[in-house]
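Heads up, the next two complexes both have chain A, just with different partners, chain B and then chain C.
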Partner chain A sequence: MATSTDPTSAVPNSAAPTAGTPGRLRASLRRLATPSLVIGAGLVVVITLFGLIAPFFVADPLAISNLGMAPPSAEHWLGTTQTGQDVLAQLAWATRGSLLVGVIVAVLALFLSAFFGILGGYLGGWIDEGFSLFTNVVLILPGLPLMIVIGSYVQQRGLLLIAFILAITSWAAAARVLRSQTLSIRTRDYVQAAKVAGEKPHRIIAVEILPNLLPVMSSGFVFALITAILGEAGLSFIGLGVVGTQTWGSMLFYAQNGQALTLGGWWWFVPPGLMIAALGCGLSLINFSIDGIINPRLRTAPKAARSVRRAEQGAERADDSEATTKEVLA
Partner chain B sequence: MTTLTVTDLHKSYRLRSGARVTTLQAVKGVSLELSPGRTVALVGQSGSGKSTIAKILAQLERPTSGTITLDGAPVGTRGRALAHYRDHVQMVFQDPFASLNPFHTIAHHIERPLLLHGRATRANLREKVCELLERVNLSPATSFLERRPHELSGGQRQRVAIARALAPEPTVLIADEPVSMLDVSIRLGVLNLLARLQREENLAMLYITHDLATARHFSDEILVMYRGEVVERGPADDVILNPQAEFTRQLLIAAPEPGNNPRFLAEAQRRGVPMPDHLALAEENS
Partner chain C sequence: MHLLRKIGFYLVALWAAVTLNFFIPRALPGSPVDAVLAKLALRGPVAPETRQAIEVMLGADTDRSLFQEYFAYLGGLLSGDLGVSVTYFPTPVSQVVGQSLPWTLVLVGLATTFTFILGMVLGTLAGWKRGTWLDSLIPATTILQAVPYFWLALLFIYVLSVNLGMFPISGGYDYTLVRPAFDYPFLSNALYYGFLPALTIVLSSLGGWLLGMRNMMVSTLSEDYILTAEAKGLSPRRVMVMYAARNAMLPSVSGFAISLGFVVSGSIVVETVFSYPGVGFTMLQAVQNNDYSLMQGMFLIITVAVLAANLVVDLLYGVIDPRTRARG
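Here is the complex of A and B:
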């Protein structure tokens, strides 16, 4: 009777104990830091910092002065509005407002999509049928018209209310993606093995399934953030946005009302427009990189890495043929 | 010790394609008994219902009809009774690349069943995990604790899966094609490990496979399945050497068994290739 150690599997045992974890971490970070991720994250971080810090240093954004429609100068870096308000101050507060709306909506949408998608997908049966039906109904609701209807129906449009309206119209697509992913993961052997080990359903969802959904969820989160900020800008621009909080959309709304375009006041509407474009661009770039991480087929490897991989594959093929000859002889 | 008895097990699936509903009979009237210290092999081609039986015994699927008893008592299907059943019956899955969660460390995979079945406390958890890893020949165990499944080879992963199945200290072990996804060169090592653990623990084992040679070598009794039915059963050597059912004969002809082929053995000897044990053994027996 042979001893139960086989030489082939004993070799990797002895090799490479858990040395150099920080090095490995750094290497995987370097692998993930693609140009699109670096640029996207850079844009988002700069805009976020601006929204967080700048409001503390600027003048009162609502203070009216006699200096109306003044172009950029040393005193007013981004000029003034028709009523003499400082555009830079407004932009700082508007950035904070828009980001706040975006984050609240994205968090709400994440929770809603996770609840309906993951729970329905895991439990199956009638609950899944019901959740799917509800998700599909919400999915085909036309977003902006619904926002307009609700927005014009409600008189006191606070920030939370607008965020809530945006959230209930934007979670459905992510829920469907999460449901299909959960359906796939639910049948994997490691979930079955956890069941056989005696894990309770809530722990299977939270500990075994949820971590494997993180990439999908983070991409959904970023997507919800973009849609929310754009949606809020759209609502504000047509005058149905948040009352009492400045956002990029409300700046554009007032610029439009104040006839900034006809008066040639580009400094009033270009900055908020640029901010929306830059943030949307940054978040999209981040989303593309997440996609690249989730979906290896989209992964673009640097040339050196590719040639290394090809060499490894060659070596594997050689191993395989060796194994085959052994098999034939055995 | 525990005996798992399965009587007249049926399982059918309803298949819906459009408005038409058909039923697929996956398992038709299978009975078998798993008793301590004995290995029963379930042999058959793909789709013959082998894995369905494994899933039913692991209570991942419900049988359409039939009874499963543990020491004569019908087994519970929910709550505390199910937990008791899982204390006794554990399973090793076919694909070690799918049966370990890529997100979690090796330690996590072994810790959870230990804690869930009260085989370890928080205080001696680490120690117990290392003990189990050493038992499945993963040493030094501490070097495996914090690694993730993708850092391990197929054979190492299957050893982790075996350690996980052993963590609740079961008395019945179901091995669903435990080596079919592994490289040929390491299959024997894993099978020998299973055989050793079975001897040490006096486990009742169900070994599901489509490989007649290993079924004969590692089991006491062989059940041959064809399209959901057991077409032949008996002591391992009888079934292989003196097959009664037509399907068993076909299986034997289809299986390339170099151990029975003098040309292969002579060629191997001439080249000085070391013989795996079961072939050498087969030579002695025949």
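Here is the complex of A and C:
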């Protein structure tokens, strides 16, 4: 939601991602490594490593034992479920499952949004009209009810099917942003020059337009990842997720059905939700940093406002906003 | 012209929803008839005539072409015929929808309106006083935004309902105390039961509004007309509300469609957590009982409600932004 609410203002500054020499690269890296980016990336890396490595070291997540609903102990770090399964082992496998679904969906959604957004925006005419009508219709139809209807008709819900359902309901917002960006880039001089020089449309899109859309697309990818993981969790929680694969949502589904709430088994339903929240938070923080690169006003404005307040009222205010503009252009 | 275009768009969206609703069951493997038969077979042997009876009941008797079926379906919809519910047999689907719709409309409607206004006000302040402690609101809303709706609901139930006993665990009202009616005992009881679901929706959707508004405020405040307004000596309050906030709100209002989709999807899951008798909970019950006509009726009514809400917001947009009127 954070990125899609202002599609008009986020015109990419084409000067941002170009850093020539290694020295300038290091300098720009230092400028971009804001606290929010470092914390966000740290959270995401830790969770990803947990999902990649931990499943090799934990016990069988499905092995049942007599020790049901046991609180955290030295033997079971996160306690056990109602049927005595180890929660930590389940969490490790669920992390892997959720991340896998999220990445597949985000890639599919990125592809769909790029296809409809960039191609429509670049070609214009009736193709654009048609694509943009289609995008807006998909955007306005509520996603989860549609997923429920599709999911309930298919009994064998595989990983790819669920990923596909999630992807076709979540690409539209990004496509709209990409379209408006493409419309503004299309009219720039260098694109016109390439056209006059007789470049083919697919080459203009790939060489002239795509690189300038990268910040917006990466922000869209991160956003799609959050949406996908939240969407999958919701779908699994109501019992319509991937059959036979553990995810954070399916853990919460079993926790609620296993009376974890009324039996006081907080160690069963708190960890999966915390993992979703931590990952979503990390990804949003990364997205903030990308937003700051795309729209430098958001980055410099608080600093500028603070210095304005410190300075005296009046004419200095105009000077400072001029300085801000210079800083942005530099 | 502008209005006609808008209405045309919503008609296309409505047609798309109806058509999806018709073709999804027919395009996917596995038929509803088989699913219902399999469920019946668990209880005992099924007579061959049962299959035909179920086919007739679900409208799957196959002697008509797909095309004819489609038009018969559209005609049925126009006369308000959504089929018969299996779960609440023999109640028509339209009646079940009618019972559950008010619950969701009031819950989601009130919660969304409240959240929108709160988000706009807080976002305006955070953008206006950027660089102060209000900036620290942003990380907090980020965390709230990343929390799944239903998990927040589970936490509320665990802490406030199960452990502290402050709120009911589930339901829309107390069946033993009150009957649905427009009187004080029922309304206050329904409010008490609806408080936690509403709080869940407000808390998890506030962040998006707040952040979008704050970012647009920051962008708007560096426009020339703000400087002009300040130079004219207008009061800061007037500049903030009439010059900055009014313009900064526009993307939030036009992005209502995206956000409402999120809120509705989230509230469906929240309703199932609280067993709240709205459309989401009913739709899930339909899924669990293989009640396909009820499920599709629910999908249709949710979609129509979302489309209608967006149409209203689009019409309001013309009031806030005079440019759309001038163009038409």
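We adopt the following convention: the second predicted complex is superposed on the first by the 279 of 330 C-alpha atoms of A that agree within 3 Å, B and C clash if a C-alpha of one lies under 4 Å from a C-alpha of the other, contacts with A are read in each partner's own complex, and residues count from 1 in each chain.
To be clear about the criterion, contacts are C-beta pairs under 8 Å (C-beta built on N, C-alpha and C of every residue); 3 or more make two chains touch, one makes a residue touch a chain.
Just so it is clear, the model here is predicted, and its values are computed rather than measured.
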{"item": "A:Ala74 touches, of chain B and chain C: first, second, both or neither?", "value": "neither"}
{"item": "Which superposed partner A:Thr262 touches (first chain B, second chain C, both, neither)", "value": "second"}
{"item": "Touched partner set for A:Val137, first chain B, second chain C, both or neither", "value": "second"}
{"item": "Touching partner for A:Leu285 - first (chain B), second (chain C), both, neither", "value": "second"}
{"item": "Contact residues of chain A, present in both the chain B and the chain C interface", "value": "1-2, 4-6, 8-9"}
{"item": "Chain B residues touching chain A - in the complex, by the definition given at the top", "value": "55, 58-60, 82-83, 86, 90-91, 93-95, 98-104, 112-113, 116-117, 137-140, 143, 146-147, 152-153, 155-156, 159, 161, 164-165, 167-168, 183-186, 188-190, 192-193, 195-196, 258, 264, 267-268, 271, 273, 275-277, 279"}
{"item": "Parts of chain C lying in touch with chain A, wherever the complex brings them together", "value": "9, 12-13, 16-17, 20-21, 24-25, 28-30, 32, 35, 130-131, 135, 139, 142-143, 145-151, 154-155, 157-158, 162-163, 169, 207-208, 211-212, 215-216, 218-219, 221-222, 227, 251-252, 255, 257-262, 264-266, 268-269, 272-273, 283-284, 287-288, 290, 292, 295-296, 298-299, 302-303, 306-307, 310"}
{"item": "Contact set on chain A toward chain C in their complex", "value": "1-2, 4-9, 36, 133, 136-137, 139-146, 148-150, 152-155, 173, 226, 230-231, 233-234, 237-240, 252, 255-256, 261-262, 264, 266, 269-270, 272-273, 276-281, 283-285, 288, 291, 295, 297-298, 301-306, 309, 318, 321, 324"}
{"item": "Parts of chain A lying in touch with chain B, wherever the complex brings them together", "value": "1-6, 8-9, 12-13, 17-18, 188-190, 192-199, 207-208, 211-212, 323, 326-327, 329-330"}
